[in-house]
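Once you scroll down, you'll see the structures, which are given as structure tokens.
Two complexes are shown next, each including subunit A; its partner changes from subunit B in the first to subunit C in the second.
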Partner chain A sequence: MKKFDYYQPESLKEAYGLMEKLNGEARFIAGGTDVIVRIKQGALHPDALISLRRISALKGLGNEDGLSMGSMTLFRDIERDPAIARDYPALGEAASVLANPQVRNVATIGGNLCNAAPSADAAPPLMVLEATLTIEGPGGQREVSIEDFFRGPGETCLEHTEVVTRITIPKKRKGTGMAFLKIGRVAQDIAIANAAALIVVENGVCRKCRLSAGAVAPVPLRLKRIEGIVEGRKIEPDLLDRVAEMVQEDVSPITDVRSTAQYRKTVSGILVKRAIKEALDRAG
Partner chain B sequence: MTQYSFIGTEVPRPDASDKAAGKALYIHDMVLPGMLYGKIKYSEYAHARIKHIDTSRAERLPGVRAVITGYNTPEIRIGFIRDNMPLKKDKVRQFRDEVAAVAAIDPEIAEEAVELIRVEYEELPAVFTPEDALKEGAPIVHETDARGRPKSDNLVPVAWNFVAGDVEKAKQEAAFIAEGRFQTPLIQQSCMGTAGCIAEFDLEGNLTIHTKTQIPFLAQNDFNRALAAIGLKGKNTRVTVPTLGGSFGTGLDTHGYEYIAILLAYKTGRPVKIVLNREEEFTTLSPRQPTETHIIQGCDKEGKLTLREVRMVLDNGAYTSWGATTPSVMMLPISSLYRVPNVLYEAKIVYTNNTYCQAMRGYGNPQAAWALECNLDDLAEKAGMDPFEFRMLNANIPDDTTPMGLNITSCGHEACLKTVADRLNWKQKRGKGRDKARGVGMASLFHVGGSGRVYRSDGTGIIMKLDDFGNVSVITGGIEMGQGFNSALALVSAEALGVTPDKVTVISGDTATCPWDVGTHASRGAFTAGNAAIMAAQKARDKIFRIASEHFMPRVHYKLKKRKKKDPDFEIPDLDYNRICDPSEFELKENVVFLKEEPDNPLLRVSLEEILREAHYREQGSMIISEAFYDPPNQMIDMKTGRGNLSATYIFGTHGAEVEVDRETGKVKILQFVAAHDVGKVINRQTIKGQIYGGMMQGLGYALCEEYKTDKGRNLNPNFLDYKIFSAPDVNFPIHIECIETDDKEGPFGAKGVGEPGLVPVAPAVANAIYDAIGVRIRDLPITPEKILSALKKKQ
Partner chain C sequence: MKRLITLTINGKEYEVAVPPNLTLLDLLRYELGLTGTKKGCDVGDCGACTVIMDGKPVNSCLVLAVQADGRDILTIEGVETEEGLHPIQQAFVEKGAVQCGFCTPGMILSAKSLLERNPRPTEEEIRTALSGNLCRCTGYQKIVEAVKDASEKLS
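Moving on, here comes the complex of A and B:
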């Protein structure tokens, strides 16, 4: 493993200063469960790491008028938060099946998003919850919808000097149900496929539908074409079967050691279908 | 029934706290003064000619103390048929072939130096499946054999055949026949502690090697041969074994990295440590052999088995380990699991340019059980019989000799089958859950339970040494590798000697101080060492009682007088305190020597330690050390006829699974699991459960998810992110473990070996349950969701 310097700034300002001083040869690091692994594998060779762990502005979990999470919020805290479990169960469920408790005790939600794995478990629930990411850098602050955040495997819209500071989720509407589902080879695994659904139902008719599928394309997907088919309709078995088929058309997975592309296609459709069903049960 | 003080209790093992607290000393923790770190350069091709190795840049790197290749070190031949060398010359035959190695002052420099070594290759055509390797004109992996004679095919010159009765005739006469092809994949043993060693030489040229091995004394022999090869003929190796984090068969051979550490230590005159990292553990240790099995079984109208024909091809990889003898253990269930008169078995082992394979827990039996027990369900279906009833009809029985000449003595096979059926509620569930995609399945196992005469000796030695305080050192040649050997041995020793288990310390893992043992394998540790301990304990008791004969009464008198001093009202009974007792009058239990005639008399008791001190602290004193060597009454298999009573007794077991299959995703959910084992006698209930739980977990991984994936000989998943084993969160179902006690007459206190059996029948039990649930049979492991979906699709 290559040697590197390690910095622990106390504020964002200090962090930007360090990054500038190091001429962009440094990398920000959150929980480190991805970055350190990749350094050990020899896939990353940074001269320096700038830890975001001591920056208090990146912490905190607030649940007034929607949900606001500092990017350094630990998955273990999300998993255990009673308000998240009640109002945003899809997010709580995703947090509870990500890797294992040891990892969840250090891994952060911001880190999971910035690592931009197509299989990131935090992505599908945040996609259906239409989360907004607050991004800050030496040049100032901007807000990006999570949909526009991912650019490809390991690629985001972040500049090298920028960090994600907060993740904001709008307040939950009445009649909303949501669910997250994941399939792996064993209980502790990177997703072969994952999916989330959010449904708003009024008088038995779906008024709003948000669907997302992970690990089946270069980025976590919003399935807008299919959302359009579901909205305005009663959710019945025929429709769900059609959804499952449409998902298979809209995804473009790869074959790797975890799964074949064909199996990913098939189960992605099944997971989306089941997530809708579960969301529907919870919407009532 | 005999009443035991400690046998059959449920107690934590003696090594538990140290391991849990991180105090146990593994090879990874060991640092010796002046120690260097070794690192190995591996091949970049599956099959290539080495044209040139340039080590000059590595040699110039500051901190590097030695760089070696096959060209500047003596030739050492290693492996079961000596077809391997620690450092390759001329040709590489697999990606893991060692072409060079370095020793440096720290691991980082060693790693950097390895990267500076440049090797020029000329790539050769390669073969990656036995099928291709056996084709006319296939590239030849070894152009010559170990003796230099030309070789024109890829067959490993170790053939296994067994014939009993007339299978062809039986086929014609059979009422029902089932035929199938079954496959098992490469899988990795997945030890928590990776392999490694430290080699060091003294100034006389004697070697000490601290290493991960299950066979310290056979390794000593291997390493002494290596010493001779490097010009140190007549010098000796001392093998010591640190705490092991699992072994599962990986320690049955000596390995290239050990010889390389020896060569580096010899060259530098410093201790050299080589510890594999996880990726190296995956890519450079030998996994379990993959097999391709063609099986035919047949029965008569009533369902009695009449024939079994098994033709098997094993992928050996590029070199030959002791794993090439696994077909001998496969021969046991193939010839003798269930009663079947006509048997034909043939195993071919084929060289390829894949990683070379080795034995893993079960020693071939899981591969054999997979084909046998799945195909048996197919046959039961053809015969229109319930698979449980079918198995009961053909089950093994006590006091029976099988076609292979195995003498079955104690046998709990029927009890195991019944226990599983009861626990699973078989009658109510079998064949009735298909609407819910639920099913139950079972499978049995047959394995050696009284060691196995793989080598000419099947012996093990024990030394018992008692000190002034009544402590007992039980010194054994056997190895604790995580299986609970020390715990079993401590309880057996305590029971046999008459002390409490806390007084017993098991000492092992050093060829210089421990008595000889052939190796901890074949589920033989507790069985053989237990029997040796009983023999040694008897000798120690004889000595103790001889000393007691003179000193018991005076000691009693002394204590009574002391009591009188403290309590003047106490009346010393009128006894003959100078009496010389006969040794046969004594009994020793729980650290106290007393008279058999008066076991309950509180006055006539002397602690063991007092007697022991009497032995030491006197003129012309003596000490209590005893030894014993136990070699079980069993036979080697005759290679020509495939016959021989390999084990002193045999072990049986049946596993049952209830599963639910998700028809849309293909995922298999285990609802409950039952493991019934004929264990002879439980020694430590906690340890035996641990063995069976662990075996079951490995078996479930084998059944459902484990697969060492390769692309043209190169491993694609050399880490636990990409290679998945079953872990604790996957066990969200009840597990019922039932130990059937058959009180074996050869076993220590009736116990039989149970080290390996826990994983043997897991995969077929699960596969049979899946068939019951959804009506599809998967014949190649692992049973992935994808295979299930595609089989379901085909069925429609």
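Moving on, here comes the complex of A and C:
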């Protein structure tokens, strides 16, 4: 592996101060399960790594008024949190199928988002849950909707010196159901396609619909056009078939070692449809 | 520049100077001679390098040695007790779960971590716990049977 220096700041200020001093030649490292692989593969060549592990402000999981997660929260902790399993099952499900147990013991939710893979399993559930990311850097603090966070494969709206500090999710409304689904070649593989749905039902009619699909475009997608079709209607088989067709129109997948573009298209429509059905079953 | 780190490996405390780009895996194998931990893919897919860090299985190829500073590490060398093989190791031998043996240390450590947390796992729970460990001899069935057998003997 290429040589690099290693810093372990104890505070955020110290962390982005170091990043400024190192003139952008350093990388922040959270769990490291992506960064270390990319350094080994020669895709990243940092002069230094700045570890975020000792910064206590980035830790902690609370759910008093909605859910608030420090960006350094481990997938293992999200997967095992009983309140997340009860109130935000789409997020718990995504956390429990991300990579493998060894990776989940080290990988963090903030790291997964900042790595900005179009297939990031944490993204679709956070999209349908309308998560807000708190970002901090030398210029101060700002909040960004998860929808505006991703810019392209591996690219986010973060400045080089900025760190995602927290991820917050609004409180769950009554009558809400949600689900996350993923298709991969084997259990631990990166998604061929993934999807999440969130539905609010009142008197049998869908009052709110949030849909997201991953690994089928340069960024994780919110499917707003389709949400608009579902809202205000009764969710019936004809409508779901139409949704699956519309998903195929709205995605723009690539062909790679895991799947052809055509398969991704077809399967993402089916995943969204199934996720809506599952969300509906849970909305009761 | 090398960093001085202190870590506990198999109950013994070590103080070592490591460069920041050294992985925990390479520290164990090439600096400390603990070659029971295997180097397979080196990118976190195969699980041959699994060790237990602070009670949880991790891929040692994805942990920098500097990140292991202050941590407690268990490798396959620390699993055997004075009375002999650990019951999980014994079950692997008896059930024919070891073929070429390359994945075995990682499999045993993932299984050990599962059984400590969940002494009577279902078959599905066993398969999930071992989903990050690849066996290219494809002897999964016997490995799962060995973990089941060990869980019965241990509980």
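Points to keep in mind about this one:
Basically, the second predicted complex is superposed on the first by the 284 of 284 C-alpha atoms of A that agree within 3 Å, B and C clash if a C-alpha of one lies under 4 Å from a C-alpha of the other, contacts with A are read in each partner's own complex, and residues count from 1 in each chain.
Heads up, the rule we're going with is that a residue touches a chain if its C-beta (ideal position, glycine included) is under 8 Å from a C-beta of that chain, and two chains touch if they have at least 3 such contacts.
Predicted model, so just to flag it, every value in this text is computed and none were measured.
Once the two complexes are overlaid on the shared chain, A:D5 sits against subunit C while remaining clear of subunit B. In the superposition on chain A, A:G32 contacts subunit C only, with no contact to subunit B.
In the superposition on chain A, contact is made by A:N100 with both subunit B and subunit C.
Using the contact criterion defined above for the overlaid structures, shared-chain residue A:I183 touches subunit B, although it does not reach subunit C. By the touch criterion stated above, A:Y263 is placed in contact with subunit B alone, subunit C being left untouched. In the superposition on chain A, A:L49 contacts subunit C only, with no contact to subunit B. Considering which of subunit B and subunit C touches more of subunit A, the answer is C.
Comparing the two complexes, residues 1, 100, 187-188 of subunit A contact subunit B in one case and subunit C in the other. Partner subunit C is touched in their complex by these residues of subunit A: 1-6, 8, 32-33, 36-37, 39-41, 49, 51, 53, 76, 99-103, 105-106, 187-188.
Residues of subunit B that touch subunit A in their complex: 108, 664-667, 705, 709, 716-717, 721-722, 724-727, 729-730, 732, 784-786, 789. Across the interface of their complex, subunit A is touched by residues 1, 3, 19-21, 23, 42-45, 47, 50, 53, 56-59, 62-64, 66-67, 110, 127-129, 131-133 of subunit C. Interface residues of subunit A facing subunit B in the complex, by the touch rule stated above, are 1, 100, 183, 185-190, 257-260, 262-263, 266-267, 270.
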